[in-house]
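One chain, chain A, appears in both complexes that follow, with chain B as partner in the first and chain C in the second.
And then the complex of A and B:
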């Protein structure tokens, strides 16, 4: 007792403090050694973000489209997969569980190099769809694991009860099972969104530089040694996940999802 | 328009789980509008039977008919059957009223059609004004009332109750039993009530179906199981403690000490069962009595519970409180033919 609050404050400070210089860089016009704060402030960073030539706005759109699609698809795949590993006891269940997790254990780069040939063959390379598909690789394992745990805790008698009340299998899924799994779905969706949002290597390989997501733009800006542009982009990349985590915490607070801990942040 | 109650017919249904036989060749007929208790110890197959009636399990053999039409191949959601589980299983993301209206919504009724029916149903289960509550705010009894309302609002032709009150405390249970009985009597439904509690079965139902080890062990009015149990197992399940071993010879049961009781059973070894409260004591000998010595007498409120040692073993006898008996005293225990039942036993090897 008594240590909880200072520790939490320390933790939050540790997470948020690195953002302070980032913010400072983003609005600085001139910041030379040994100044503690920028000598001159400037709106250049913000202007770069909104300039059509920088492709940042289209990058935001591409990133959002890809990450939302990946989160939705990963949850759609993770739902039946999670049910299989969470509910059914079958021969080879451990193996299936391992295979589901394999893409996380095996470096994504190795897997992607292996399957990129097929992406090119099927015309999926350098397309947004291709990037979405390849990003399912690192996300589906998380969705399946989170939903598998949720299914293991789910009382399937709810589904039997719904059937006995005249609800068919599809309606039972929509009106009973999915609402019961809501906290886990929010969490799985959030994880997948975050993984996808920050994905760089897979996007670069399969997107072949044609699919410009925010991480790709960010790396380009860093490479160009324009610190203000890189910092402004960095802030833009960091903000949506922070907002989403806050929103998810709010959605989960006071529900069974609070047990997951996220609701208390 | 309300559906009418339907008769239920089970014809030789069987169900196995792996090597375990859950239900074996069960045949049963429940008249339309009847209230039947399906009684048996846990694991006797009664819940499996219920799940097959609800369509949640498919029997391996046999046929299930409702109102004369087979239910086999009809999906659970299409059967005019409602099932209430042991747990309330209220959907936590819905309000009380939304829970009650769930089945109607699944039938595609509009909000405007659902609301008055839900309201009327909440009145019948005495939950007026709780419609907007979240289900997490209800007490155990209220939860089961909502579950009942949710099942009954569909006006099922067959209502199945799977030990619905076993998680409630005894007082509340009696209250809920009375409610279920009242709801059955005012609705037009056939009710099958699963329980492992024989007192509950006797109190609530018109008829009792006794299941033991997946088999039908008796079906009849509650009195039958007390006065003329259909099988030895049924007699034992209903608390017959006195079993006298002997044999039947031309319509008369005899034990080794000369007791003779009329019965209509084929000749052969047999066991005579009789409830403690049906035995009478007397000072004089008669052909249908056994001589014995009182070894214990315990005051049990409404009667004296005696233990009498006889040549055929110890018998429990319940006598009026003012009976003149003493421990160690000798008396004759009369076994009335009309209150005792003989069953054939296998030839001792």
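And then the complex of A and C:
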């Protein structure tokens, strides 16, 4: 295994080094070609983020509102579906499995082009509600799959005991089932939040440029000539996923059913 | 079975009710979206009275050199980045497993890119690989190039180097994490058994480790290929408008002010859907070999 360590070090360097220019650009005041380091550092990038004219703060609000709503709705819809696929063996289960995987893999762009006119017709285009609804497309199947795996490993006798002791269906759900599924629910909610947080093209199509989430602002900034502003915004967009994945790392270990979400980010 | 049931509803109705909220979402957005794309690619136009069915859109994209070039670059970029991500992901997983100390923080560093959105990844590649990017500046300092124009075009190029670099960079940790998870499941016991039976290190790797890794890594690769074939923002920012990948062509045609191009946009969307649906089936077949446990 003599080659293993140097190779690994090289690979990790190759993975991390591309982030360095991003960080450097975010704090640079001037970085002309062919300088290897910025000629001047400045806090301008950070100031742009808090400047009301850049709409970044309202973008943070819009993105958070949409991502939290999408995560909550996807888990609420995915929980019963997960119970159906995790607990029961029924005819057509293979078809349900296929229909729960396909929306995660088939690109949202290809699927959404055909129904964009309906969003316009029913007044959902250019609205936050429309964006939340369309983002259920990649998230609900994912939440259902993760929760389905959790239900398959759940010992239903806990629920039966609660019912035998006189607890109603709602109390059993709130005080028995949901606490038992807590790790899977946190994971599903977290990844649905991240899928929504990173989503660009569905928001563009349905939001019609009116719903300005952070990825839309970042896309516009990359197209502008102000690299410092784009880099600062890029760093801001990365921070929440970085923190959340860092926190979720332990939850994720040994739960490969949820790992597909990492590929969707 | 205990004598009391959690519900008096018949089993079939119970399953239907449990599935119905998710079925509405998938029915409206996924099945509705796919069938609308198919219908509109054959000329149907919702809310417009005068449309006629035809296969013109498919004939047009079949004859369009831009779409042929697009199919080629889409497949090339997806395949190249999938192969790079799979090979380096597996190599990294094997190397990480071989570490005696510091495995935790090395894995942590290795995983950082998982959290980086593709959009930010594309920006990183622009700043790194562009003609006035950091690598171009390094080659100038080292005396290997003389000006931005003398540095090879790696972003906005015909081949798609920048796009491949972004996907490979972003998806290597994904394959690596899947491979690490597969390696942790009792593989060491099997390798030790092979060692006791006299297998050399090469034989153990060839006949024990790699066969155990193959199904999950293949499944992860299918996912990587599908995402690489379908994302819009990365090829838009790192590629050029001709030849562009299928998703870029689809959105370009869709946003064309000439509405007669719209059926072609839908036809391209249908091609993307068919291509990736084949991958869904491949993934499910692979997942079944993983003892019915999807990734």
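Definition applied: the second predicted complex is superposed on the first by the 226 of 265 C-alpha atoms of A that agree within 3 Å, B and C clash if a C-alpha of one lies under 4 Å from a C-alpha of the other, contacts with A are read in each partner's own complex, and residues count from 1 in each chain.
Note that contacts are C-beta pairs under 8 Å (C-beta built on N, C-alpha and C of every residue); 3 or more make two chains touch, one makes a residue touch a chain.
Since we're looking at a predicted model, the values are computed, not measured.
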Q.
Between chain B and chain C, whom does A:163 touch in the aligned arrangement: first, second, both, or neither?
A. both
Q: Tell me which partner A:112 touches in the superposition: chain B (first), chain C (second), both or neither.
A: second
(Q) After the superposition on A, what does A:58 contact: first (chain B), second (chain C), both or neither? (A) neither
Q. In the superposed model, does chain B or chain C contact more residues of chain A?
A. C
Q.
Just checking: does A:179 make contact with chain B only, chain C only, both, or neither of them? Give me first, second, both or neither.
A. first
(Q) Looking at A:155, would you say it contacts chain B, chain C, both, or neither? Reply first, second, both or neither. (A) first
Q. Touch check for A:30: first (chain B), second (chain C), both, or neither?
A. neither
Q.
Quick check on the superposed pair: does A:8 touch chain B, chain C, both, or neither? Answer first, second, both or neither.
A. second
Q | Doubly contacted chain A residues - partners chain C and chain B | A | 160, 163-164
Q) Which positions of chain A touch chain B when the two form their complex? A) 155, 157-158, 160-168, 171, 175-176, 179-180, 182
Q) Which chain B residues qualify as touching chain A in the complex? A) 51, 54-56, 75-78, 81-83, 85, 87, 89, 91-93, 102-103, 105-107, 150-151, 154
(Q) Give the list of chain A residues in touch with chain C in this complex. (A) 1, 4-5, 7-8, 11-12, 14-16, 18-22, 25, 33-36, 76-78, 80-81, 83-85, 88, 90, 96-103, 105-107, 109-118, 121, 133-134, 136-137, 140-141, 144-145, 149, 156, 159-160, 163-164, 169, 172, 194, 197-198, 200-201, 215, 218-219, 222, 227, 230-231, 234, 237-238, 241-242, 244-246, 249, 253-254, 256-257, 259-260, 262-265
Q) Inside the complex, what are the residues of chain C that reach chain A? A) 2, 4, 6-7, 11-12, 15, 17-19, 21-23, 25-26, 28-40, 46-47, 88, 91-92, 94-96, 98-99, 106, 108-128, 132-134, 136-138, 140-141, 148, 169, 171-174, 177-178, 181-182, 184, 216, 220, 223-224, 226-227, 229-233, 237, 247, 250-251, 254, 265-266, 269-270, 272-273, 276-277, 279-281, 283-284, 293-295
